[in-house]
Amino acid sequence: MPIRIGVIGTGIMGADHVETITTAVSGAEVCCIADIDSRRAELIASRVPGAKALSAAEDLIESPEVDAVIIASSDATHSKYAKACIAARKPVLCEKPLAPTVPECEEILRLEEAAGVRMVQLGFMRRFDPGYVELRRRIASGEVGTPVLAHCVHRNLDVPASWTSETTVFSSASHEIDVMPWVLGRDITKVNWLSPTQVVPGSLCDPQVVIMELEGGALVFDELFVKSGYGYEIRCEVVGREGTLELAPTARVVARSSLKVSQDFPSDWRGRFAEAYRRELQAWVNAISRWRSGNVESAVDPLDGPDAWDGYRAAVVAHTVLVSMSRGGPAAVESMTLPELYSRSRVIATKTRLAG
Amino acid sequence: MPIRIGVIGTGIMGADHVETITTAVSGAEVCCIADIDSRRAELIASRVPGAKALSAAEDLIESPEVDAVIIASSDATHSKYAKACIAARKPVLCEKPLAPTVPECEEILRLEEAAGVRMVQLGFMRRFDPGYVELRRRIASGEVGTPVLAHCVHRNLDVPASWTSETTVFSSASHEIDVMPWVLGRDITKVNWLSPTQVVPGSLCDPQVVIMELEGGALVFDELFVKSGYGYEIRCEVVGREGTLELAPTARVVARSSLKVSQDFPSDWRGRFAEAYRRELQAWVNAISRWRSGNVESAVDPLDGPDAWDGYRAAVVAHTVLVSMSRGGPAAVESMTLPELYSRSRVIATKTRLAG
Amino acid sequence: MPIRIGVIGTGIMGADHVETITTAVSGAEVCCIADIDSRRAELIASRVPGAKALSAAEDLIESPEVDAVIIASSDATHSKYAKACIAARKPVLCEKPLAPTVPECEEILRLEEAAGVRMVQLGFMRRFDPGYVELRRRIASGEVGTPVLAHCVHRNLDVPASWTSETTVFSSASHEIDVMPWVLGRDITKVNWLSPTQVVPGSLCDPQVVIMELEGGALVFDELFVKSGYGYEIRCEVVGREGTLELAPTARVVARSSLKVSQDFPSDWRGRFAEAYRRELQAWVNAISRWRSGNVESAVDPLDGPDAWDGYRAAVVAHTVLVSMSRGGPAAVESMTLPELYSRSRVIATKTRLAG
Amino acid sequence: MPIRIGVIGTGIMGADHVETITTAVSGAEVCCIADIDSRRAELIASRVPGAKALSAAEDLIESPEVDAVIIASSDATHSKYAKACIAARKPVLCEKPLAPTVPECEEILRLEEAAGVRMVQLGFMRRFDPGYVELRRRIASGEVGTPVLAHCVHRNLDVPASWTSETTVFSSASHEIDVMPWVLGRDITKVNWLSPTQVVPGSLCDPQVVIMELEGGALVFDELFVKSGYGYEIRCEVVGREGTLELAPTARVVARSSLKVSQDFPSDWRGRFAEAYRRELQAWVNAISRWRSGNVESAVDPLDGPDAWDGYRAAVVAHTVLVSMSRGGPAAVESMTLPELYSRSRVIATKTRLAG
């Protein structure tokens, strides 16, 4: 009996998720689609056998036909829908951010704690990218010794005219803010924002560099260049005391022509992370299946990916980066302590890894 | 309603297919598993919710619960089961080879022709590898001009003691024998076998080089080195009149340690082609779904991958390589003309590509 | 008539220079060798036909047999010998640093200004490395637009126990401090020192990161890791507004073995920069030959490489890095204005480049 | 006292050699230049202080001012001048080929034997390329076990309209014909010529593949594509029983722009082998210096590079390739036995290597 999924929001990410679930994920089907643009919802639904379009996201969340929900609507609506899902006790995959403000994130943490179970998985897909997964595994194995530095590069070909310095932090840097602590096994304690260009409120500083200090002192340098002018590229090298590990290039073909040997960059993140999105969705569906099948531990812990706490942490760190941007110099990350619900699941995750 | 799949044979490939379908393919489930070793069949079945083990492959093929069949049993049994599937009018994914001998392959062609529909997809998974797919698309686009040469490298870390020169041809070279005509859009007309080591019947010449001449004269050099001693590696560079295109390395992490920068090789083909196997199975399931849904063209043409004709061609060419091996020097490939059933589907495939 | 060169100091660098001049440089010969360890001087001299060993560096400088001098003695002696060479009006190639303190560097500038001619070339050999030369030329061509960032990596396999944080700045970072303004065509205005490890005076923080801000705002991130544990590696990527340019790996052979494809790192800088040293020496000899031949412009400007001003700038910036290290946070570089002698030669250099 | 060199022929190679000796070789100077085009000879001579132009090559060879001779005139004149040099007992660096015909090569061998000393070094510069040198050293070290295969790629951007299939063999393939036996430590016993294009006498088959069988059975595949359309590229991978070793790419800068990461190819061989030419000339000059200095062994053996025997072998193998080209199928290499003069020097070379 496949997991029946309702999808809220049919922009690029929502439509991609619908297609991936329908064509490349085992054990799930898209049954309902909601969008404030109802014609768009109907168009996307018409491509999926058996799926129907709904006008209201709230109806989708409450529909008895829907086992689990994907939130891919506009950023400002994420927390509203996530709270409704928690109230309906339905697993939810929420595209980042969990919420635009820290207090909204905190409210979701309180609701999940009250419910006694983690319902929300955040859409930080890099945790499912085979490259980052191998990087993390090999760092953890001790192969290159204690990590002391990391160099990240995050470049886009171009961005829309409305993009500001803040957008870079929330939409781009948030990926490294989430994934680097996960790769290195340490939380971020301090951040420092730099740019070769002048800060003008409401405009775009580009490129930016965010320096993150982690527990124990390791430094992560994250270059964000959203108008790089040449292509979409993600790089990450972790430097340990006995060697380094770095994501390999991902192009599939090497071409020789016109006095050059070359490999192509994708023009945006979807080509780069298509496999990560597929694995993210499959892992989420598998976690829901395990939950449903009544396995004891997973009954209290359905999730296998980043959770609301990770969404909260990303929000806290991103807001701290803005503090550094606006006043200059390093800023300390101030965060609540890890609630017991999330602490418990992390212990289980560690056990699972040790056993696996 | 998912496609219900029966799997015959639970060796490495059969067990992998069961797992892939169960965990990573949309629209299908494994319902029956047969193996001459009934305990092995039961073990594998026990891992799949709702799957049952059968003692006889014939029962699996005829079971009304089974919509489609995967043949992953020993090579000698492939044609027997494929013929039974055709008789039962059930789509089948048959691991290579279609049959050990050319006459057996021909018999399957005749049965499909009599049935008027292609039932058999061959397990040449490289046609679904994203690297080969991009290579073929870019060759076809004319980006590097008319292809005139190709250099293939096919190396294994090691092979069992029972492996002979003939095994290399049938189990290893058959992949390039299938995929290179597909990449280059030309059939093989002549082959020439070479080795730096002496031919001793029943033993292993290693490495071997198979030179294939294609229609129009293009030459493919295929190095096969099954005891390379260092790892599993597949390379392919196609040389056109205006440039070359080559498969890129596939490692995901670059390591620096001990005075070296390095990337790992997998120890066998499963890591290298895991994604190709997943896409092969998904494409096969999608083709069956389209067939079932009554689309007119796909009613006569359910398949989206290599078919029985490709299996026949691979057998003919491989046997011609043996002729060259045993008597020395080039040998011409002698093949029946393309039957109308397969010719028709190739026209459709070309149309689909042009439209796509 | 070859240029007759006297070499002061026969440690690793001095001995290497003697060998390079004797075996791979056109138009020069080593005629005198001085070292405080006279047996060492005699040993090295015995390898060079016609060369003699001297006990005092001062005698070497004043010897009428010596046309030009290489200073490769201990750091603290550099400025003393450089001043003697200026007094003797002999061209000198001085290994870095020009002097351990800024005032000593300033004194040399004053002496050269008084002499009205630049005599001193600094041993910043990277300016002759074919990779850096190509990088600079292509940056200057505008191929990737205005440079806004650069990422440098400078890693050693290991260093002696006596090495401190300050040694890293003076001996390692000084290379990027010199070469990056030259590559980017801008001076350094501000520096910021960071490390994942605690600053303890007299001990070694490792790795360190020096962030340099250049005129116009471009930021250079320089990672210095002297006990990297894996090998000697130099990396440099310059990020422009329309693309990036990066030094390519320099290994000459790719090896496949033991489940890895790998390239070797050298264990120290000499293998990496052997070609740069040869070209540095050849360019220096050529400049002296042009001077001697009486070409008008070169009569006032014999040098073709980094000069005393560059040595002064490197000292000023390195000392500013120490300020940042000791008190934390960014520190502004405070430097005298460019004296007319050095300004003039820079105009000539620019003209030569434009004409070339 | 520098070696005074006379250069015959001032085409591309001759002019390059003059410049290299004058600007980058220790211990030598160009004193005389001859060319059938006397204005060309004067032009080149005018760039070298102290050099004079001569009208007749014979005068240059006999001039008491000339210690050693470089022959870079047209191919047909090589043997005539080489013989004159032997008669004058002057060391000679002869650009390939030694002579266009095998009998002419044999005559030179006889003359050297009669003289009792090897005078002629052949201009197979790859033997001085740092990549090939490292490849050979590491093969010899046993790092990858016994070599069994090699894959060579030799591609030019384009060639003049007059270029024929034979030109490819004599001008391009001759490099691999010389260098691969040197790298692998085995002579060529058999060759086989293939091409995807039809053989038409006097026209150009392109690409060509020359398969060489070496003593012990190792096979070398040499692709020669003179109108590759994309750039000048040399590749070489040697496959041993325990791994492979391959020349690394030689570009110095990696560029990212326009949706590609790329490295440039040179447009011809001069950029690729500039360092090899410099080392070739330096090694030749060093050998002459040793000879002159009266070292006993080098008195009978001045050369450190490929000699007349290597030139003879290259001619014999190239002519055997033409046999295969014209009649199809493999052809055995038939060569005289190694004369004692060359045998002796090979023993010495081996001893030197073992001692070194």
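Note that the chains are named A, B, C and D in the order they appear, and that numbering of residues resets to 1 at the start of each chain.
Here is the rule we use: a contact is a pair of C-beta atoms (placed from the backbone, for glycine too) under 8 Å apart; a residue touches a chain by one contact, two chains touch by 3 or more.
Please read these numbers as outputs of a predicted model, since none were measured by experiment.
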Touching subunit C and also subunit D, the following chains: A, B
Centroid-based (C-alpha) most distant chain relative to subunit A: D
Rounded Å distance, subunit A centre to subunit C centre (Cα mean): 45
Separation of mean Cα positions, subunit D and subunit A [Å, integer]: 58
Junction residues of subunit A, two or more chains touched: 229-230, 242-244, 249, 251, 256-258, 263
Subunit D contact footprint on subunit B (complex, rising order): 145, 148-149, 151, 153, 194-198, 207, 209, 211, 213, 216-219, 221, 223, 225, 227-230, 239, 241-244, 329
Subunit D-facing residues of subunit A, complex: 157, 229-231, 233, 249, 251, 256-265, 267
In the complex, subunit B residues that touch subunit A: 2, 21-26, 28, 130-131, 134-135, 138, 143-144, 242-249, 251-258, 263, 275, 282, 286
